[in-house]
Amino acid sequence: MNFASDNVYGASPEILKAVMAANTGTCPSYGEDAHTVRLNELLRDVFETDLIAYPVITGSAANALALSALCPPHGVVYSHDGAHVFEDECNGPEFFTGGAKIYPVEGAGGKIDPDALRHAMGRFVRGFDHHPQPSALTVTNATEWGTIYRPDEVRVLTDMAREFQCRTHMDGTRFANAVAGSGCSPADLTWRSGIDAMSLGATKNGALGAELVIFFDRSLADNFLFRRKRAGHTISKLRFLSAQLVAYFEQDHWLDNARHANAMAAKLASGFSGMPGFELVAPCQANEVFVKMPADVAERLRAAGAVFHNWPSGGDNCIRLVTSFAADEGDIDQVLALAADGMQEPRTAVS
Amino acid sequence: MNFASDNVYGASPEILKAVMAANTGTCPSYGEDAHTVRLNELLRDVFETDLIAYPVITGSAANALALSALCPPHGVVYSHDGAHVFEDECNGPEFFTGGAKIYPVEGAGGKIDPDALRHAMGRFVRGFDHHPQPSALTVTNATEWGTIYRPDEVRVLTDMAREFQCRTHMDGTRFANAVAGSGCSPADLTWRSGIDAMSLGATKNGALGAELVIFFDRSLADNFLFRRKRAGHTISKLRFLSAQLVAYFEQDHWLDNARHANAMAAKLASGFSGMPGFELVAPCQANEVFVKMPADVAERLRAAGAVFHNWPSGGDNCIRLVTSFAADEGDIDQVLALAADGMQEPRTAVS
Amino acid sequence: MNFASDNVYGASPEILKAVMAANTGTCPSYGEDAHTVRLNELLRDVFETDLIAYPVITGSAANALALSALCPPHGVVYSHDGAHVFEDECNGPEFFTGGAKIYPVEGAGGKIDPDALRHAMGRFVRGFDHHPQPSALTVTNATEWGTIYRPDEVRVLTDMAREFQCRTHMDGTRFANAVAGSGCSPADLTWRSGIDAMSLGATKNGALGAELVIFFDRSLADNFLFRRKRAGHTISKLRFLSAQLVAYFEQDHWLDNARHANAMAAKLASGFSGMPGFELVAPCQANEVFVKMPADVAERLRAAGAVFHNWPSGGDNCIRLVTSFAADEGDIDQVLALAADGMQEPRTAVS
Amino acid sequence: MNFASDNVYGASPEILKAVMAANTGTCPSYGEDAHTVRLNELLRDVFETDLIAYPVITGSAANALALSALCPPHGVVYSHDGAHVFEDECNGPEFFTGGAKIYPVEGAGGKIDPDALRHAMGRFVRGFDHHPQPSALTVTNATEWGTIYRPDEVRVLTDMAREFQCRTHMDGTRFANAVAGSGCSPADLTWRSGIDAMSLGATKNGALGAELVIFFDRSLADNFLFRRKRAGHTISKLRFLSAQLVAYFEQDHWLDNARHANAMAAKLASGFSGMPGFELVAPCQANEVFVKMPADVAERLRAAGAVFHNWPSGGDNCIRLVTSFAADEGDIDQVLALAADGMQEPRTAVS
């Protein structure tokens, strides 16, 4: 009953098998191997467009490297106030961009509010050298609050970005969950909605450790190899990452995994929503449930072995439960039973 | 017959097995798992001292992260002129240190010449704010020229570093080869010879991708977690790296691998050294052979399928051959036979 | 009738005279001259404490250099949302700190709201390596909205900073106006209220170009000389800056200048406040007036030769008028007469 | 008898007078004043070409800002091993470029040796992402050893730079001395010899503090305003720097000053060269004399009040004497008499 994060689980058997299969003979290092070539071909099919993709080891690296290709040191990147790039990467984007400003923008349910974005983008004057220059927008899909931007919502933001001469990035750490949850195509959610570059994660969804930087506008990749090497993210035996990613995208493995994780979250959310004293803090559209529940219920769940984090930015008594590709439905049932069970008994107030 | 690099080979079966074995159940992310804890214990045994160690994905990351802990932005890191940190990391150490100067020092056979180091360290005046400040020394062992520093040689350099108030780092990308080749203990080659921090590589010697930053002086690690995260090198499913490294050090697997690689290189070097027109550019002490050979012989080897790089910094007709843990002795024999064969025939000049 | 900024005026005769007087004979460069020594002594008197001070050429340099001494690259600096360091220095603080985050905090009248600060400081968890670390607070006095923090207001914020293990900085670009306007001593407004370091400006208040970085906690200055030199802010003929600053502080020249500027602003504000259709956006406590006035009045003032900026962040029809040490009272009278004159006539709407 | 540096002297009367004259009325800040406009016009005449120029306060700032426009973070700047940018700016160029490598190249008399440059430039492979990329060449004229590159010497180096796809910069801290000493035109020494951008100093040659960044290729200035502001080098009352520079270039004031300084140095060098036990370390072509003299003579000069630095990089007993625009010929005579006087007496060995 571990709901602490999707990365507390290991790797899927399919992906582990692909790693083992890649361990044959010699091949060129640093990305000129057949697995990486195949990966790029596969991604062009998945996204129905030309693109160039680079595997890296973490989502933070993918984000920081991508943003550094979109924003100069004197620029501004606009993100959601609760975005991973703003609060959970220890100033990594600032480091990689050479000191750009990551500007937090408000918005309900983890989504950037268009009016707030317009206000933020309009604040710094283009060409005025005292002001940092609006340069990039990043949106996270699925969001940090387990919601999903639909293509028209992305488009509103990317159109605004273009109006202010900003390039656009999607943080797709949980992109599989967004695709699975929305039923939209990868293309519709990204470049067809105005996205220039993205980070796409596999680690949380079944890989051992493999993330992607993808450029739909290949001109943005001009200095990417140098940026990547300079940051220590050029991996010698890259075949072992690329092989994971090939297995991830082949035969819809990524979407199968995400569908399962989403379904388990939906089951949790659905179960909770009928219980008195429970309140979903954000609609559950992907694989995360943010819920306020009575403190004693949370205690009881923990006492029974459930692992999850308090989530104070969601308000008092808010907790987060994350489901993964490997989530066990029995665990879900047990959590719901434990929670419901408490409903039937008189509870003593917990301070 | 691939001698291009030790990283064109895959992973050893023992290490791959350990990765598979680590894929059970849930565990905390980002380094609080049992594998990482075990790894630190194991390393304390291997090095016979207290220390703290952090797995990362590349040797360039290990070097840059370690050096950034030893040298401020206004500092100078002294390295060999041919060191990986100086010429092969695309200014990564400069990036991570916030713009420190990596100062190249000459020396034969890949080893820093003590007189040249004294000259270099004495050049910038301590406390004089126009001068960048001498801050760190880095030595590579085994060196980029396949030679090995013995403990007394390391000590001469680290004593000088202390005299100039510099901290000390060892780039141990091929440290296993240095230990195996020298017969010295890990402790004798490092902290007992005055080394404060090191990078230690496993990738070239049988891992899928796993390197270490090790601090013998733990006070240097104070901000390491922040540095690592900010650089995108904090890996969520770290168990999969730590498991590789546990397998690497257990039961001397790292030394067995290195001994084989070294023996294969020694066999090549020994065979070449008796052939007319051949000249070893540096003594073969680890797993690399730098040799000048007649251009037509090199051509013939390539025509027969051998893969290796020209190495112009070794002079005209210099090539480099690297052997790995997985090198096939039959390949070595074949290369030597092909080379010797040419010796017995009249050769036509090759332009 | 130029109210565009206090820096559109030249230098005061007293300060210019001091520069001329400093042009005698030879003296050591880079700060070891008698003028700089004298300046430090004088500042210890002015602030009634030990301190160390360094002249630099711009306020942006003073801010960025000071903040870089207080905040590591993985840190967070909290500033007002409208602070110069956040919006008007083109990411200079981010550059000098090596990529720290400048976190904007709301508050009326240019002053940081304590509740908003507590929320912001509490957001990132101390010691959690995914989060940037709370490191420094900066307050501007007088503020960017022409208001003044009193010592008890500063103390509330610096106490909170200490609670969150943050060091404290005051941006005193217009510190003379704050001292003159509050009637408080320099000491009371700064170190006695918990400030560790400050930037103190003279340029806007009568100098040709001279600003100060002052450390009340001298331990923060440990690497300052290196930081300053590395940023190109170590000035060879420093006597010419220090001489300006000595003249600035001697015989209360700085306060005389500021009192005049403040009085002229107060006269403007007082005059405007009685006029129908006028609204002061912030209380006028220093040398800046932020006022909404009918668009046709602003037009008329401009037509008559008055120079000032629209200030959209103050709302529709908000303009800013800045008065300086050299402001001419006749100009003030004329502006008020022009504004009042329009009050008595029927006005035509201006689009 | 102060020969410590050319910056221990104050400002010339002409330049000080121009500063006073600039102190009239209001004018736009930050470079849109008439003085700065006039300065650019004047420089176009002086250099006989279109260009764009920006005043800054120090030569280190000029160098670092200019180089950051020519070299990306993953690039290499080639400089002389003894260049100011390499050894005397506390890693400023590394800071401003975001971590580029400043690569030291040998050469006699402060001039880059073309063969050594070719070797250095050829070392890193274009397009190979492990290698930092050759990006810029910087030459200092007059050099740090008081010698002067003639146009054909500059051309050899800039041609080589272009061959390796590098842009070119001249550090003209003592450019006036180079023009005066060579008799060549400013244009011939710079853009006509292949220079794209330069730093040009006035501070050492009579200004209070004023240096220039000049772009002959204006496309290189695209982001300059942002770079400058971000570094705290955008000066509000810029008129006071520009006025100095206008006076500097008008009526050949800069060349008159430099001719005097050069003549005084030449007189010193000429006098020394006939004395037994004296040896000029580099030919005296500008305003610096590097001379080995018997230790007791140096002692005697110091005892008589002469101020100068030992210059250990010139060898044992090497000292440096710098003459300025304000050097007194009587001082020169006295130094020569003191030195010669010692020649006639038996000397006791000084340890």
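Chains: A, B, C and D, in written order; residue numbering restarts at 1 for each.
Convention: a contact is a pair of C-beta atoms (placed from the backbone, for glycine too) under 8 Å apart; a residue touches a chain by one contact, two chains touch by 3 or more.
It should be emphasised that the depicted structure is a prediction, and the values quoted were computed from it without experimental measurement.
Peer 1: What's the minimum number of touch steps needed to get from chain B to chain D?
Peer 2: The fewest steps needed to get from chain B to chain D is 1.
Peer 1: Quick check for the class: compute each chain's Cα centroid; which one is farthest from the centroid of chain B?
Peer 2: Ranked by distance of C-alpha centres from chain B, the top chain is C.
Peer 1: A-B or A-D: which has the larger count of contacting C-beta pairs?
Peer 2: A-B
Peer 1: Between chain A and chain B, what's the gap in Å when you average each chain's C-alpha atoms?
Peer 2: 35
Peer 1: Taking each chain's centre as the mean position of its Cα atoms, how many Å separate chain A from chain D?
Peer 2: The computed centroid separation for chain A versus chain D comes out at 52 Å.
Peer 1: Could you tell me which residues belong to chain A and also touch two or more other chains?
Peer 2: Counting only residues that touch two or more other chains, chain A contributes 73-74, 89-91, 95, 98-99, 129-130, 226, 229-230, 234.
Peer 1: Quick one: which bits of chain D touch chain B in the complex? Just the residue numbers, please.
Peer 2: 73-75, 87-91, 94-95, 97-102, 104, 123-124, 129-132, 313
Peer 1: For chain C, which residues count as touching chain B in their complex?
Peer 2: 72-74, 98-99, 129-130, 133, 223, 225-230, 234
Peer 1: Give every residue of chain D touching chain C within the complex, in rising order.
Peer 2: Listed in rising order, the residues of chain D that touch chain C are 2, 4-5, 7-11, 16, 19-20, 22-29, 56-65, 89-92, 95-96, 203-204, 208-209, 226, 229-237, 239-241, 307.
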